[in-house]
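Okay, handing you the structure first.
So that you can tell them apart, the chains are marked A, B, C, D and E in the order they are listed, and the count of residues begins at 1 in each.
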């Protein structure tokens, strides 16, 4: 990806991210978060993580944000109900902590042996990967090696292959987790049958 | 040119932004959004690393699958979290952090 | 099963029984008496029984943990027997004198303390030695806080102070012991068994510097428990506020644990360390603080219980002096004095408690002339008082004089070392103790009685505990050799180690 | 029989119960309770009888992610036991809990713990960060629900919110840490990480950054300073059984992960070993202090127990920092496990008594304990035992763990940490004895005897006896736990 | 082999001597409720037996039987062992005889006292302890009984403890003695150290004469001086020498028989007895002997001066006792000076101090009992100015009293006091550097004559000055008998045959120096005539107004001085030190750390302030710190 685009998307991501933090109105924040996530997805793409990128758009920018907006609407919180202005101290604290943290991470981030590399330098070797896949002789997913041979990265297939062969168990656990959360949500947000004093 | 360093710095900044929001904002909903931001910052770092830690010619998909799980888990957390926040709003008519300061000392 | 285990468990069982609802007084006094007889029997039979290794008799050990090797090991040498005897006597007296209107927890607490003391004195395993003492502390604190004298807030604050003070002390002690174990466990595997540690210490003694450090840590730890100056300020208020049986048991018996630990653990394991000039001089300063400073403080007190409490802090100084002298005479004197002081202070606290119950105050200037109203009481009190000021013929004298003699065994020399000067200070302490005791005695029993502040002589059954203690004082005072005969050999090895250490130390000084 | 079967059984049972609750809403609480308790008990029995300790016995699709070393088996057992106790406690507390839940229904309270238990058992055996992350989140999210479940009590709700926000924050930190560890070492499995850390060419600073985030994230779960501030609030606000679950279950889970992480980070010749060790020492000492000193002022026993759990976490972290103690032949993990095992009965006992008081319509403040000695001598004695043990008094379970920590500290001559530990313990004497004294104090608020059902009495007795036995005769437990040494010896 | 009769007596008689009084004391202590009056009988019986035994002892030859092993540690032993030689035999006789008479006297004197059981019990206890002192063969045993006589004197002085003055007096006596014992113990310990753990008199004597300590006088003079003075300090306390003399006059609060027995004849003389026992120690240090002599002399003079202005009959006698004790101590010092570091056997028969002790014991006991009889007759009236004219009412008492007075004044050639005093002055005359002491002695003698005349005239002659005096009744026979016996003893004691028989070691050089004789006779004449002229037929003291006399009357203000000293150096110091201990020691060791911990804990609570923002901030900041530490600090720290 050309630097220009990269910086554009970075600008989108961080800019709207900043807007999330500073916006007075929750709706604004939610929307800008969605946008920032789209930018983030673009960065994923730039890292050849197409599946993740799409996932990011679908799950976050899609589902999660909708959920947020829905809740906000449901409560129809005006900015004033959203709680008064934060105290100066809190803001300063946040800025300072975040700033220092960013600096710290930035100083460290260069220390990796390959942190100087570009995507071009660290190029994917698709063909030999394809050869390896053939050697593995995975009849069930012949397309992978074919695509690789063809010089394109079958990201989704590889991802799926990994998930459903290696991480089956984890997938189950996450499924369990989702179910638990569903039930939890029901239990926590259901209204009481007889309209009692509480809630 | 764009190096891994850039991605890492971006993720770092994103993380810090999220943290700043979490610390500075009083609206629990927004705090929660910022948390999501921090999570995705982690994801960005993971993806970047996975891209640059090339295992037999391909990006490291173990890391990417962790990203996948993270996103899913995040979604689940959001669901539960919002449910709790709704419950709070029902009782207190507010989602201000200052509404929950009874427990202290 | 070793009889000593019975001795240890009996009080605990009695406490449990009372808690479960057995008739408090009968159970408690009965078991205490039983235990007293048992211990007497053991002491009687001790000579013939002491065939065990290193002069320990009635040994047994039950493995509790493999590594670090901890075992519930009991065994008694003369030292342990004497202190067990002390415990049994005081415990008996303490539970007997508990008046019937007091709730059962008095008995339970007393027995728990006694059991803890027995355990501490009779175990041959450092772990249990430490553990039992801690066990005995809880009831003490609960009793002070809930049933002590003085208004609620004062009691509580005293109790907290004592708790934290002793807590810190015992933790320092624990650290020291752990270090000791780490240093002296041979071959990788840790052991808390005293015998093994001793053997290792004898085989490969530590360099003196390290010994001195550990010895000093242990001195601080044990010292806190014995209210060694300047770590003493918990003791006086605690005793003044404690309910009578607790005061008797703690000041009389439990407090001796620290000294016992020093004799049992530090002297044999770290002789060079304990007797190196630095530690010695520090110790001499502290114990002079006990004797002289606390002596003056005691003179200043205006209430009988404060006088007794502070005096018991002061008298610890003499025992420390004995340890610091380290010669056999002095050490035996120290042990004798531990016994004697235990008995006398228990007697005094017991009588003071009775006085408090009857008159309601112990303010010296509110009392007077009781000698005419309660002659028996007066005589009993006189026994305690004169014993504690070291009158010949009562137990404390023999101990003190032996300590003094033992400190002057640098034969042929005609110049004073620090130890001898310390003895001079201690002798002046004897004068001071006479001052405050006689003042108290005079203002309580002499002169004419205040209106309404009378006491009655104890009836025959109430006399038993006090008469018993007084008799022990007299017997032990007139024939100290009976007690001294109990440990002919076991201190000898110890003192040889000590004396060699002392000599090397003195050499180090002279060179 | 494979352990996994048992875990799966628990998870499925949990699901089934959830479904029952969903589709047959009018099922009685008693049946639910008996079902879940019975199920857990069955699982427990199976675990201790027929479960195989052999990693090979695991089904193929989990084998690469799990290792059944004795540590894992121990924590699995611990998880089962605590879950059982929590479920029982839940049943005891039901009368007063149902006042605060939606329509007085508690079904989730009986089903979620099963799933949590399964999650913790998996976590105990996990060998790589992905598995750890997933299972950890399973546990955490379930806890979000559990903590906030009694939502009609504002305190519970507040606790829920706080736990939620801070928990999510820690999750974010954890993810970031995993990312950086992965970035620095190129692996997500503990073996891989330690293998990479031994290599000199591995870049040190990024690894340290990752370690920092990772430890911070895990430190939150185990309530290590300076990430401990949520503990008192959440412990105080959450329903008693949930607090119990948090203080033993979630903490144990956190510690097994922390143990494995630290072991892999501090593997010998590790390039970042010394730094991690030093950091853990500092954090441990700080945790002890921040846990014990504020506890001086607490009036609510529940909150007090929160603080005490912080300071205990401090000792555990110190134990981890000291590393394997060669002299006692116990790994740091072994010591931690031992400590947690002794920590379980005393904490549960404490909360049990709290629960009984609550059921009898009493509060959770120290003054509510006044005169307990008269109102229920048995509970009073048991509770005093528990508190004494928490204070680390000899001949109670609590002492042995502390003793091991002390031995390690003295052995390695970490005097600073030792001093902090001493201060903490001394303060502990104060605030635990304060409660004990209150129990036996005369000026009881009310003196009519407490209504204590037979089950509670039995439970109290059992727990008290456990405390004593562990304190006086710790040999068996210690032997089961000093096995890890050979394992560790093999691994390094 | 069976022990010879000699051995039996040598070990069993002393044992009996010790145990009888102890036995009676214990019986009375335990069973006085049951026995009631029988106690008196028991006590007297034991005293009588002891008297007989000591008579039997007179015949036996020297021995040193071991009675009881007190403390035994391997090679070391503190034993209760008796030494029977001329000195102890003689002293035993004095103690038991006077003791017996005093017992008899007390039966009459204490008739009305409701707690006479206690009195007789204490008397027996005293007999026991005194016997112990006399027989003791080593310094420890002596110290033990030293303390015990202190106790019994405490009990007897405080017999009427409801009287505050009595209570205070007993306390004062005990404490003053304690101060003396402080030095005594130090002395003993020093000797113990120097003499390799052997403090038996024989052992010490041996090593001082030809043993290791022989020329210690030259080698370490200071050490020996301190040791000697330490021993002497014991005597200072017990024999009420300056500056610890203050307790003895107050001790007159006790019943008069007690004053006679303990505070005139025996116990107070124990100090002198002990000094003579270990004279060789004192000889080892010329400086010490000089100091001792001077203290003795000063005490003698000072006490005599004070005595001239006392109006309480018993106090006059008390001060005269003081001054006579001063004589004896002076004698000890002088003899030691005479020895001048070279060891002639000072404990050999004929020590002037012992001789004076012996004579003085009898006539002073006589005087006290006489005064007791007078007081008894005058219904416990003790002020001599409220008596007068008693001569007609109680002739026997007055005659015996006169004999005693004469002896005390030292009427030449016929009275015992004369000979013993001559002996002392003789030594003072011989010793070089002793002349000032000689003159002090003479002056004292003059004063003695003066105040005794004054007392006799005022108390017995003239006309009664009070109701009590005019209705004075004659004492019962049981009180008269002892007076007579003692009068006889006083009369005969100095005669050579008596002295030899009682082994009262009559000095070889009595009455040799005519200068001394003349001086003392002159002193006697001057003193008594002055007294006669001044007090003849006076109803009040003509000298009372005289400022100097005021000083004497107020005992040189010693009591006031000591009260101030105690207030300042004991109570004041105690107050200050208590303050320091409470504030600083406790503060630094306990309160400060506690305070810090609380402060810290309190501020740590703020971390859990309940505000979510605070928590999140804490988390973030914590994260920062952790990163900072582990990434930027520790790697440099070079772990």
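Here is the rule we go by: a residue touches a chain if its C-beta (ideal position, glycine included) is under 8 Å from a C-beta of that chain, and two chains touch if they have at least 3 such contacts.
Here the structure is a predicted model, which means the values were calculated and not measured.
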Most contacted chain pair (by C-beta pair count): A-B
Chain ID, smallest distance between chain and overall C-alpha centroids: C
Gap in Å, rounded to a whole number, between the CA centres of chain D and chain B: 26
Averaged-CA centre spacing for the pair chain C and chain B, given as whole angstrom: 64
Between chain E and chain C, distance of the C-alpha-averaged centres to the nearest whole Å: 35
Intercentroid distance (Cα basis), chain E paired with chain B, Å: 95
For chain C, residues that touch 2 or more chains besides their own: 164
Residues of chain A engaged with two or more neighbouring chains: 86, 90, 93-94, 97-98, 101, 104-105, 108-109, 112, 166-167, 170, 174, 177, 180-181, 184, 188, 198-199
Shared-contact residues (touching 2 or more other chains) in chain D: 130, 134, 137, 141, 144-145, 148, 151, 161-162, 165, 169, 173, 183, 205, 209, 232-233, 294, 297, 427
Inter-chain touch pairs (all): A-B, A-D, A-E, B-D, B-E, C-D, C-E, D-E
Touching residues on chain D, where the partner in the complex is chain C: 326-329, 373, 377, 381, 384, 388, 393-395, 399-400, 403, 406-407, 410-411, 418, 422, 425-430, 433-434, 436-437, 440-443, 472-475, 478-479, 482
In the complex, chain A residues that touch chain B: 1, 3, 6, 10, 13-14, 17-18, 20-21, 23, 26, 29-30, 33, 36-37, 40, 43-44, 46-49, 51-52, 55-56, 59-60, 63-64, 67-68, 71-72, 74-75, 77, 81-86, 90-91, 93-95, 97-99, 101-102, 105-106, 109-110, 112, 114-120, 122, 124-129, 132, 153, 158-159, 161-163, 166-167, 170, 174, 177-178, 180-182, 184-185, 188-189, 198-199
Complex interface listing, chain B residues touching chain D: 8, 11, 15, 18, 22, 28, 31-32, 35, 38-39, 41-43, 45-46, 48-50, 53, 60, 62-63, 65-66, 69-70, 73, 76-77, 80-81, 84-85, 87-88, 91-92, 100-105
Chain A residues within the chain D interface of the complex: 104-105, 108-109, 111-113, 166-170, 173-174, 176-177, 179-181, 183-184, 186-188, 190, 192-193, 198-199
Residues of chain B touching chain A in the complex: 1-27, 29-30, 32-34, 36-37, 40, 43-44, 47-48, 50-52, 54, 56-59, 61-62, 64-65, 67-69, 71-80, 82-87, 89-91, 93-99
